[in-house]
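Below you'll find a set of structures to go through.
Each of the next two complexes has chain A plus one more chain, namely chain B in the first and chain C in the second.
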Partner chain A sequence: MLDPISLIIFIAVGGVLIGAGVHFIPVGGAPAAMATATGVGTGTAMLAAGAGMTGLVTAASMTGQPMILVVLAGAIGAMLMMGFTMLIANYIYVYGCGVVPASAKVDNDPITGRNQEIYCTPGTEGHGIPTVCFVSGIIGSLMGGAGGGLIYYVVNNAATNASFITTPIEAAALAAIIAISVYFINSVIASYNIGGTIEGFHDPKFKKIGRGFAACLIASILCAILCVLILGGI
Partner chain B sequence: MDPITLGVVALIGIAATIGGASEDIESDIGSESNPNSQVQLAPQMGHLHRMVNKAISGEPVAYGVWCGISCSVAYLVMTLNAGFLSLPIIAIAIGATVAALVHVIYTTTAHIGRIVGQAQFQQPLFYDLLIECLGPIAGHGFIATFCITSFCYLMTIPLGGNPLVSFPLPVLGVVWGITIGAIGSSTGDVHYGTESEYQTYPFGGGTPVAIQGDIVTKEACGAKNSIDVGNFCAKFGGPLTGVCFGLIVFFSFWITVVFGVTGGIIAGAIIILILIYLNFRLETFARNVYGPYEEEAEPAEEAEIVEEAEKAGQ
Partner chain C sequence: MAEENAVNSNALLAVGIIGGLLGIYLVGINSLIGPLLACLGGICAIVWGANAIRTVAGYGLGTGVPSIGYMCLAIGIIGGLSGLALTLVPALSGFVMLGPVFALIIAMVLGFIVAVVVKKIVGMKIPVLLRCTTEIAGAAALSVIAFSVALAGAYDINSISAAVLIPGYIVLFFILNTMAIQEPFNACLGPNEDQKRTLTLAVANGFLAICVVGLLLIPSGFVSLLVIIVGVIGWICSYRKFLKMSNEAAASVKWSGLWPKTEDQ
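Up next is the complex of A and B:
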């Protein structure tokens, strides 16, 4: 069984991974839904949480396995969700709306080197999900999924040994609820730091990641202390 | 590899596909996602409309609630031992029906509240439109929650000794509800926001900020309403959303069922690399076929072109 200090450290690490991961995910918010901005057409916290939930389910399907496998399963689940979502969204942008994926934040794609500017519709901040945004989204979901999986593993481990838990399914449910809560808290903090939309690691807003990192660390430590109290106190 | 588990995983994928498609069409009819910003903006720009507007909550959170309600009620009815009613398929239908009823109450209050808030821009509240759209919204919502509750139940029953996920049914419902809301909001709603709302503008470009709020308010026959949106999006955005959700749910379990624990993680990583490559190919296709953005011909140039064409015709 994990001691309370280790539990706090692991939850804090998981929370920071989630918060940092959100900064990588290309979200264009409402403007992207009209192909007015580059990225996925939904909110930062919502998309990150959606990926995190898939990672949580795949991590939970590994219950009983070593920590590294549970964390990796969480990361793979979140990456699958993000990868399929970005690909299908791009199919809709290209075939349904007739737009070319292009970023307005850089002149050339840092990965493919392709020109972006001449493909952007005037009056927009780009549209679709170009390669650099796609790769950035995959990195972000890897971090977020791994963080969620880590929190699920340690809380499930601690809850299984808690005096008031009688069945494994109760421990899994409690671990899931705490993991979802920490995921949402860190996603929302990160989305406030981003301030609406971000294209990924090549976006100038990405430089604010340090401040988001610190805020998520503080919030995650507070969440971890509450979690220790819920699980039976120190 | 257990063939029964594999069959159940395939069934789960099919249920997710149907549920995903239905969820997206429902959110398009109810205008619950990000494109609703344009429906909200339209009256301020002088475009009065007959569209349902119920976006008082994010789609993922809303669907987390509907699926949570459906799964909770279904779990409760199944554990009541009420004979016929406690059969899983009946209990799931009861759960989805209760969720649909709550959905109808939410839609009514959200729409009226939203539209009344726009009264200062002379936007009328059309009761006939609201009543007309409640059925399709509740119906599509019912199909979505029924499918999601069904596959959540399949995940919790012991297959070969262990269930696929050891979560209680209500928690699993909330988790997958949030996920489908995020997917529907990210994929299918783009078709609604970029194409359905701006059909009067030429196909093949993003929506410039200058024309935002200038949404289409007329259809081939009379005023455009939310049923027309559902009809439009059911042809492309909705089915693709279903495919997306189905693939995610299917591959999340297929990799470990077929390749085992460690092999499944490696298989998952390979699938992700394939997805990156497919996106690269799609971008290449779009750049080659559509080319760089070209401005439309100026009105004066257009007039010259028409004049030349008329002369050529003579």
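Up next is the complex of A and C:
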């Protein structure tokens, strides 16, 4: 059984992983929905909901297994969801809108080395999801999913001896809602930090990750303290 | 924002807190009317939250209106659950009555601290961020607890845990209340956004939300029908009013076809 201090530490680590992961995900927002900016054409909250909840479902399917399996399952679920989202979005951009995936933030793709500038439509911030953004998104969802899975695991583990919890399913339900809540709080704080849109780890905005890290750490510790309170650990 | 507000924010705050708490506390008066009153209390909280969203998102968050809604609902649920769970602490075990108030206070405090973190560390430059995040978190906690109480029939953590947490309805309320609170401003925003129109849509969303609560109440029998009927009637009335206000504010309304080919300047 987990003591309250390690519960707080694990939730804080999970929260920071989520917050840091969001900085890697190519969030394009409304401009990307019109194919005038690189990334997936929706806000962080939606991407976090999609990847986070899928990660939670896969993590929850591993309930009762060792921590590493639950965390990995969460990461893989989130990565799959993010990968499919970016892949299908790319199909729509390429075959629906008729734009080529190109980044406006770098001259050459850091991974493939291909030139981006000549493919970027003048007046836009790039379009589609080029290779570097795709890889970055997969890394981000790995971190986010692992963070969510970690929170789910520790809360589920600690909830089994909480004062008002009587059944394992109740512990799982409580762990799920706490993991989703911490996921949303951290992902939105991170998205405020990046100002709504980011391309990935090659984006100049990525340098702001330190501030996002600090903000998510404080918010997660606060949530963790309240989780201890919910679990009746005081 | 320079424009005058038709409805005072403080008045809405009072309506949200008093209406929400009143609905929650009156749940026990009657097994038929109680859940309905709790649902109506939830609507009061939703309207309060929608007004706070309108105030803060009017400055442009850069991340879309829904983001702050999701964040505050998450804060509201963590704060709300911990407030209700606080009554399990032995020193406070006699104060089950105060659970919803603890929930409101903890959610608002957590919302305030997160807003301070966002403002000081991340550097968001929105002057009303602190007040509004606190308000939305409070409204979120109250609306989720009000709907949960309507299902559970009581406001102690054990009943709510059995009625809302175990079946997973709390996740439904998370998304449902986020939609009800953030959608009105997201739908109405723009240069001629009008507070009364946005709040009318919030009321319509609230009634639509209690229809869902009514569906979840089906195992409880007749009370489900009552909540659904009130929800549908309320939704029809408020949504009709919203449509009328939208039509009045529009330059012209054409229900089908292309724009008229007018040549006038």
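Methods note: the second predicted complex is superposed on the first by the 233 of 234 C-alpha atoms of A that agree within 3 Å, B and C clash if a C-alpha of one lies under 4 Å from a C-alpha of the other, contacts with A are read in each partner's own complex, and residues count from 1 in each chain.
As a convention for this text, a residue touches a chain if its C-beta (ideal position, glycine included) is under 8 Å from a C-beta of that chain, and two chains touch if they have at least 3 such contacts.
It should be emphasised that the depicted structure is a prediction, and the values quoted were computed from it without experimental measurement.
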item	value
Partners on chain A (chain B, chain C) - clash or fit	clash
Partner chain in contact with A:G196 - chain B first, chain C second, else both or neither	second
Touched chain A residues, chain B compared with chain C	B
First (chain B), second (chain C), both or neither touched by A:L229	second
Touching partner for A:A173 - first (chain B), second (chain C), both, neither	both
Touched partner set for A:N90, first chain B, second chain C, both or neither	first
First (chain B), second (chain C), both or neither touched by A:I185	second
Partner chain(s) touched by A:A214 [first = chain B, second = chain C, both, neither]	second
Overlap of the chain B and chain C footprints on chain A, listed as residue numbers	29-30, 43, 46, 49, 169, 173, 176-177, 180
Chain A to chain B touching residues, read off their complex	29-30, 32-36, 40-43, 46-47, 49-51, 53-54, 56-58, 60-63, 65, 69, 72-73, 76-77, 79-81, 83-101, 112, 114, 118-124, 126-131, 134-135, 138, 168-169, 172-173, 176-177, 180
Touching residues on chain A, where the partner in the complex is chain C	29-30, 43-46, 48-49, 163-165, 167, 169-170, 173-174, 176-178, 180-185, 188-189, 191-193, 195-196, 211-212, 214-215, 218-219, 222-223, 226-227, 229-232, 234
Footprint of chain A on chain B - complex, ascending	33-35, 37-38, 58-61, 164-168, 171-172, 174-176, 178-179, 181-183, 185-195, 197-198, 203-212, 236-237, 240-241, 243-244, 247-248, 251-253, 255-256, 261-262, 264-265, 268-269, 271-272, 275-276, 278-280, 282-283, 285-287, 290, 292-293, 295
Complex contact set, residues of chain C against chain A	61-64, 66-71, 73-75, 77-79, 81-82, 85-86, 88-89, 106, 110, 113-114, 117-118, 121-124, 157-158, 161, 165-166, 168, 170-171, 174
